[in-house]
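This is the structure I have questions about; it appears just below.
Chain naming follows the written order as A, B, C, D, E and F, and within any one chain the residues start at number 1.
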Amino acid sequence: MGQDQEHQDDSMVMIETNLDDMSGEWMGYVMDRLFETGAKDAFYTPIYMKKNRPAQKLSVLAKEQDLATILDLLFKETTTLGVRYYPVTCHRLERQFLKVRLPLGEVSVKVGRRDGVVVQIAPEYEECAMIARNSGIPLKQVFNQVQQAFRNQYPEWEVNKKA
Amino acid sequence: MGQDQEHQDDSMVMIETNLDDMSGEWMGYVMDRLFETGAKDAFYTPIYMKKNRPAQKLSVLAKEQDLATILDLLFKETTTLGVRYYPVTCHRLERQFLKVRLPLGEVSVKVGRRDGVVVQIAPEYEECAMIARNSGIPLKQVFNQVQQAFRNQYPEWEVNKKA
Amino acid sequence: MGQDQEHQDDSMVMIETNLDDMSGEWMGYVMDRLFETGAKDAFYTPIYMKKNRPAQKLSVLAKEQDLATILDLLFKETTTLGVRYYPVTCHRLERQFLKVRLPLGEVSVKVGRRDGVVVQIAPEYEECAMIARNSGIPLKQVFNQVQQAFRNQYPEWEVNKKA
Amino acid sequence: MGQDQEHQDDSMVMIETNLDDMSGEWMGYVMDRLFETGAKDAFYTPIYMKKNRPAQKLSVLAKEQDLATILDLLFKETTTLGVRYYPVTCHRLERQFLKVRLPLGEVSVKVGRRDGVVVQIAPEYEECAMIARNSGIPLKQVFNQVQQAFRNQYPEWEVNKKA
Amino acid sequence: MGQDQEHQDDSMVMIETNLDDMSGEWMGYVMDRLFETGAKDAFYTPIYMKKNRPAQKLSVLAKEQDLATILDLLFKETTTLGVRYYPVTCHRLERQFLKVRLPLGEVSVKVGRRDGVVVQIAPEYEECAMIARNSGIPLKQVFNQVQQAFRNQYPEWEVNKKA
Amino acid sequence: MGQDQEHQDDSMVMIETNLDDMSGEWMGYVMDRLFETGAKDAFYTPIYMKKNRPAQKLSVLAKEQDLATILDLLFKETTTLGVRYYPVTCHRLERQFLKVRLPLGEVSVKVGRRDGVVVQIAPEYEECAMIARNSGIPLKQVFNQVQQAFRNQYPEWEVNKKA
């Protein structure tokens, strides 16, 4: 059962670059590579640039110490000639993983606490998706069953309550 | 002074293709070429495709009789291997162009009427932009001056009134 | 308790217009007016038009018999000089509204059935939002409580089961 | 008649979080709650995240002193497990509200000045919308009437001039 | 070596539904399931719905004969209570797959012809991505090498020429 | 033959403003004016603001020393009453322009190097577009011919190699 205290990360950077001369196919590949290379998050935002160009802004959240590695990857795998970045502070909740038993299998639930109060209860997507896929039960129903089972097995973990 | 009655065009097609393996630079070029080739309108919509690909849907509004010409251009200038289309009906307002005199020059104003009632009064962008650029006056102010001058010179053309 | 059989509406139209010379403020107003005027749905899609213009496509789903009324509104309240439309078929689920009792009040739940099988269980947003707002309980928690209470009060209505 | 000098706010923060596991219904609710809780601005940006997830980035502009309150709200009302933020400087124009009399009622107009020069003249949306709604006059026409009446009643307030 | 003549498919449907009460996580899952269930294409478009809701339009291109199957999936795996659709015609190029030998392995190239003229030469993404991943060579470089090798091995297949 | 060393610019600012009461036509004009006024980059991002308003975020990348000039332009040419900004660091590749001879004319190619290793080879869009337009050859084919000719004329400049 993992645990992670609520804390602030001050040495994070948001790295951004605008891509107007690169295929969408390659963008999907870059996203995978970024996560493998240590990015904490990566996402695309549709933008419009000069000369009527629909484009994408690629944003990468990373630790400051990983900046050079991420830049290496971006220059290597995208078509950009320049990248910009700025420091950001990340505030992360206390996280705890609890196991929930379902007839169809066991699922992890991520519980998030702010100042000791439960605020998030999030079934793990990959585990729910595997159950849904194997059983043919709709994913949305698997999520609901996990949340219901969670409330039964862990009645003390209730949103909006100290736990 | 041009004029054009309110009418419906029944033989129009909306042509669409999803582009996930093409540069934004090329998309800007294609848009120009489409208008030169007879497209009535052309625009891009940001979409998300499979395999984490940010992409663009290109939409082209054209006359049915121009379908083959537009397809030729799309296959030649984009990277698509397939295009789809469906018939649409266009309802267009009666249009009339009136000249407005400003100290800085003359500007055309497009007036749109629905069942004889004025509903749109639209200064021509290109002419306003040229005045703004040459005079250094903000474009928004040029538009406002044109609309004010229009109301003075053509008091009978009032939005929401028969004219 | 409302009820509505699963059915197909064949006489629907999708009405669209591209807006590149109109303020976002006015677009918010138009959306409200569309629903009041009989639109079945209305939404905006960000698009990119010629001359580097970020714009919005306004889409309105309506009954064919309401087409003229919707066109009147669009020409009156937007800046468009032309509108396009095409017929669409709507397939709508059987809908039934059930009341759920919570300590904090009663909430309607919309149940959707496909071929007699329950596929959707959707708490009414406005009622949940009012409870959340009055009680200070997070909206997400209100939704979860409603879904849990629903399962207790209506055990026979289960997703993926005939009911 | 309110007034507010042109100034810079240095102790502002931009707070952001990516939402890929939360309903759009709840996002609308969060936006309302953010403004009630002291956010200076709040908006959503469509983004694409890993695993083919269309998502939204929620951005909140707030005073540094309100950071903790906004974080409380975000953790309570969204599904996020982590939030990021960075300092921004806001440059705000001198603002003055003037009343304009129309046959249909009185409307406030916000005038913005940069270095003493008028650059913005903005009719208040809510007041215009109420007049439009009550009178049936198109909103765009109400805005135009307000701007015309403003120029008649306050000829000294002209865009691009010291006033 | 596959081959497929240029042709038109007239019995296609575009199926659409607006999703404002469903998680992005689930949307990623639905996309995978749609392709497995026979959809010819599926994509998401960011839209804005009433009540300040950022949402997604899901679009599915399918054969008319697969309509019921796709509707089953959409009602089961999304939260929608209603789906709309309309017929579209698809024009597809003649396709031929050719093998290109690289030092790093063999890659398929899809050639598209319009009226017998080569218009597209597209290296297969999955094969290029595997080579890039295994070799550490940037994906963009793999694509370029494939295109160069293609021109050497198949000089008769030149864009803009009959072949 | 221009050259520019790989370097970091630390005194850059990202300037942003949200536009919900301004026409798309005017936004296209502002973009042109921004580049003429010294902006290093400028782009629009579709966002959703309060009161159901689809809007655009305008982002301008500029040197810190140009901040006041850019603010002047933004307040003059947009409808905004407030603008925000924050410092960013830009990491730019070493750039070198090389001339490539084609039967149809000469084209510049921008080569980007990271730590002395070639990572980008980018034909100049404007020059390729002019050749495409004059010759009727598809733009994509012109780009491919330039890249092929580049490899023949400059075999020592190879992606992923020191050069």
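In this text, a contact is a pair of C-beta atoms (placed from the backbone, for glycine too) under 8 Å apart; a residue touches a chain by one contact, two chains touch by 3 or more.
All values derive from a computational prediction rather than experimental measurement.
Peer 1: If I rank B-D and C-F by number of C-beta contact pairs, which comes first?
Peer 2: The comparison resolves to C-F.
Peer 1: How far, in degrees, do you have to turn chain D to put its CA atoms on top of chain F, rounded to the nearest 5?
Peer 2: Best-fit rotation on C-alpha atoms: 120 degrees.
Peer 1: Looking only at residue numbers at the chain A/chain D interface, is the share used by both copies over half or under half? Answer same or different.
Peer 2: Different-residue interface.
Peer 1: Please name the chain that ends up farthest from chain B once chain centres are defined by their CA atoms averaged.
Peer 2: A
Peer 1: Give, as an integer number of Å, the spacing between the C-alpha centres of chain F and chain E.
Peer 2: Computed from C-alpha means, the inter-chain centre distance equals 29 Å.
Peer 1: In angstrom, rounded to a whole number, how far apart do the mean CA points of chain D and chain E lie?
Peer 2: The answer is 40 Å.
Peer 1: Which positions in chain A are in touch with at least two other chains?
Peer 2: If we look for residues of chain A contacting two or more partner chains, we find 21-22, 25, 31-32, 44-46, 48-52, 54-55, 76, 79, 86, 119, 125, 138, 140, 160.
Peer 1: For chain A, which residues are in contact with chain F within the complex?
Peer 2: 18, 21, 45-51, 55, 57, 71-72, 75-76, 79-86
Peer 1: Which residues, counting only chain F, touch chain C once they are in their complex?
Peer 2: Its residues touching chain C are 19-25, 27-28, 31-32, 44, 46, 49, 51-56.
Peer 1: Residues of chain B touching chain C in their complex?
Peer 2: Chain B reaches chain C through residues 12, 14, 31-32, 35, 41-46, 59, 61, 86-93, 95, 110, 112, 114, 119-120, 122, 125, 160.
Peer 1: Which residues of chain D touch chain C in their complex?
Peer 2: Touch residues, chain D against chain C: 22, 25-26, 29-30, 46, 76-79, 125, 129, 132, 138-140, 143.
Peer 1: Across the complex, what residues on chain F touch chain E?
Peer 2: 46, 48, 50-52, 54, 119, 137-138, 140-141, 144, 147-148, 151, 159-160
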